[in-house]
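Before I ask anything, here is the structure I am working with.
Each chain carries a letter (A, B, C, D, E, F and G) given by its place in the written order, and its residues are counted from 1.
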Amino acid sequence: MSKEIKYTEAFDELQQIVVDIEDGEITVDELSVKVKRASELIKICKEKLSATEEDVNLILKELEE
Amino acid sequence: MSEAPKVFTLKQVLSSIKKTLEQRYSSTYWVKAEMHKLNLSKKGHCYPELLEKQDGRIVAEIRGMIWQTNFDRINKRFIQTVKEPLKDDMTLLLLVKITYSETFGLSLNIIDVDPNYSLGELQKERQETLKRLQKEGLINRNQQLGFPILPKRIAVISAESSKGLSDFIQVIENNSWGYQFFTMLFPALLQGDNASDSISAQLERIKRVKNHFDMVVIVRGGGGEVGLSCYNNYELCKNIASFPLPILTGIGHSTNLTVAEMVAFRNAITPTELGDFLIQAFHNFSVPVKDAVKRLKVSVSNITSEVKLHLTNESKLFRSAAKQMLAENKQIIHANVKGLENNFKFLLLNHKMMIRKNEQGVYRSARELLSNEQNELEKLQDALPSKTNTQLISEQHKINVLAQSIRLMDPINVLNRGYSITLLNGKTIGEKNTVKKGDKIQTKTATFSVESEVVKTENNNE
Amino acid sequence: MSKEIKYTEAFDELQQIVVDIEDGEITVDELSVKVKRASELIKICKEKLSATEEDVNLILKELEE
Amino acid sequence: MSKEIKYTEAFDELQQIVVDIEDGEITVDELSVKVKRASELIKICKEKLSATEEDVNLILKELEE
Amino acid sequence: MSKEIKYTEAFDELQQIVVDIEDGEITVDELSVKVKRASELIKICKEKLSATEEDVNLILKELEE
Amino acid sequence: MSKEIKYTEAFDELQQIVVDIEDGEITVDELSVKVKRASELIKICKEKLSATEEDVNLILKELEE
Amino acid sequence: MSKEIKYTEAFDELQQIVVDIEDGEITVDELSVKVKRASELIKICKEKLSATEEDVNLILKELEE
């Protein structure tokens, strides 16, 4: 499932978690769970960014050839 | 009266008078006197009556006497100087000797007469006549008349027997040019005391028929130099000066001009000269008339040759003007042909150049357009990777920031610093989850988890 | 018609054409036509001049005789 | 008229004509007329030189009146 | 059709094309077509000029003879 | 009519024609006519001049006889 | 389809993509696709430019011959 989430969605969820935590709307009890989720999301985003970068570089390289 | 008176004989007495007078008046004397009558005797002696007048009245009178021998000498010298003979009624300056004769009585013996004195007297008369005529404005009157251009009809005042007249007629009638004069004689005395009246009378006659005449001539000839003082006579001179026709004189003398000659229209010295003058007047008329033909001929030939020259010149001018005009027009047409050729060539050249310019313009601007597009495209191509990278980097950054926040907020990290969490029934303690004595609570640290029982509670807020 | 045109008219028209070409007021399209016309006019003018010249010479010759 | 003209006037007119012609002040048109007139005047003047008109008897008669 | 176009029209059209290209008012898509058209117009103008030149030279040559 | 014209008039007219030609006030079209007229005038002048000369010489010759 | 797109359209689309990327209006998810599209458009434009240049050169070369 995590593979199908979009970067944008992942990013938005991640940002929401950060905001929620900062606003103290998350109890200590939930916090661990949320942090875990956030970690996952960060990973996903980074992976997507890397993939995209590779992709783009490939395309642009072709153009220059 | 005792003694008888002494008786003298007449001769004794007269001889005594004669002796006394001769002793008393032994020299000669110059006496001025009027000679009333000359009284020339047959023997040639003269016994003139001598007088002196005052206001027309005789105040002195005596008998004079000139011996024949003296008279001849005196008269000759007098005529020589005065141009007049001794005659009656003359005032003379006389050299006299007083003589007394027992038989003839007292008389003045005239030894000499001063002719110069008489000449002066005559000249005085001449001067007076001139002065009077001058004063009366008559002196130039006759001369101011117009002289006939052809003096044909001539009234002649002369004496029939005068040599002057025949000379004059001879000259004007026998001229070789066939000039015809008309003359008519008006006879008159030409010298001496009666001459002035005689001439004046004839002038009066001529005046009556003046329309028949062009002029009057007074001619006299062969009369010598004597007896001309009549021509100084005022009356005669006045008649001449004021006469309505020109009067010409030919009196024939060589002395001073008389007043009559001076006031006449013209004076010729001799009748012949006068005739010549008239002939000359005819010449003056005839010559120009004769010349007119010659002059006409010359000027007509001048005019015609001049006009011919004009005409020839004009016709030459005309010819050259016409030819020049044609030549000019030809030249202008030729210039137009040249102009046409030049302008046409220029126009074509211009157009060729413009086409060439446009051709180059098309090429250049098409190239430019293409190269511009290429540039634009390359700019975009260049921008694409950098823009993409920028976005990727920015995303990376955002992710990193979020990751940092999460890391800070992870409770594990709090616990690591020695904090712990106390839970009741798995939940944090709060107002909703209050702790009572005896509740079993869990304490979590970074490394341990402890379970404890509550001994005492206390409210921190109160 | 060309025979009835006067020298003066022909000359004026000719000169106008020359001036028009000089001033560039004639297009290339009209040029041939205009030059042709000009050529006609020039011929007319030359003919007229020649005729006049003959005339004049004849008269002048007569005068000299 | 020519017979009645006075010779003085004839002489003056003749002289004037001669001067006028000499001065070239006469046109070709007038020339014949003027020369003709001059010729008449010359005749008049010449006649006058050789003619006599006065009559002694007539004058004498007038004188006696 | 190209034979019936006038020199003036051809020239004006040519000049308009040049101006349009210079002012960048022609897109790359149209450029080929426009350059082609310009080339045609140039040919037409040149032909017309040559034809006129020959024509006129002939006329002028005749005149000089 | 030409016989009744005066020499002066004929000459003046001739002169005027020459002046007009010189001043370019006569067109080529008029030239023939004007030249013809001038020629007539010259003839008239010559005739008049000859006639006058004969006339005058005759009169003067008569006078001399 | 890409062959039928016009240079102008291709260029405009390309420019839009670059602007969008610059303005961050493209998500990371779309980025690869958009860059790919841009690359295609660049190729199309280049080809069109080359083709046009050849065309023009050819036409002008012909003209000069």
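Following the convention adopted for this analysis, contacts are C-beta pairs under 8 Å (C-beta built on N, C-alpha and C of every residue); 3 or more make two chains touch, one makes a residue touch a chain.
Small disclaimer: the values here were computed from a predicted structure and weren't measured.
Asks: Which chains are joined by the largest number of contacting C-beta pairs?
Replies: Max contact pairs: B-D.
Asks: Per the centroid of Cα atoms for each chain, what is the distance between chain C and chain G, given in Å?
Replies: 67
Asks: Using mean C-alpha positions as chain centres, tell me how far chain D is from chain F in Å, no decimals.
Replies: Each chain's C-alpha centroid was found; their separation is 34 Å.
Asks: Between chain C and chain E, what's the gap in Å when you average each chain's C-alpha atoms?
Replies: Measuring from centre to centre gives 33 Å for this pair.
Asks: Spell out, as numbers or ranges, the residues of chain C touching 2 or more other chains.
Replies: Where chain C meets two or more other chains at a single residue, that happens at 11, 28, 31, 35, 42, 45, 49, 52, 56, 60, 63.
Asks: Touching two or more other chains, which residues of chain B qualify?
Replies: Within chain B, the residues that touch at least two other chains are 293, 296, 300, 304, 307, 315, 322, 326, 329, 337, 340, 344, 348, 351, 359, 362, 366, 370, 373, 381, 384, 388, 392, 395.
Asks: What are the touching chain pairs in this one?
Replies: Here the touching pairs of chains are A-B, A-G, B-C, B-D, B-E, B-F, B-G, C-E, C-F, D-F, E-G.
Asks: Flag every residue of chain B that touches chain D in the complex, lowest number first.
Replies: 148-150, 152-153, 177-182, 184, 205, 208-209, 212, 282, 285-286, 288-289, 292-293, 295-296, 298-300, 302-304, 306-307
Asks: Which bits of chain B are touching chain F when the two form their complex?
Replies: 293, 296-297, 300, 304, 307-308, 310-311, 314-315, 317-318, 321-322, 325-326, 329
Asks: Where on chain F is chain D touching in the complex?
Replies: Checking each residue of chain F against chain D gives 6-8, 48-49, 52, 55-56, 59-60, 62-63.
Asks: Can you name the residues of chain F that touch chain B in the complex?
Replies: Per the stated touch rule, the residues are 11, 14-15, 17-18, 21-22, 24, 26, 28, 31, 35, 38, 42, 45-46, 49, 52-53, 56-57, 60, 63-64.
Asks: Spell out the residues on chain G that touch chain A in their complex, using ranges where they run on.
Replies: Residues 27-29, 31-32, 35-36, 39, 42-43 of chain G touch chain A in their complex.
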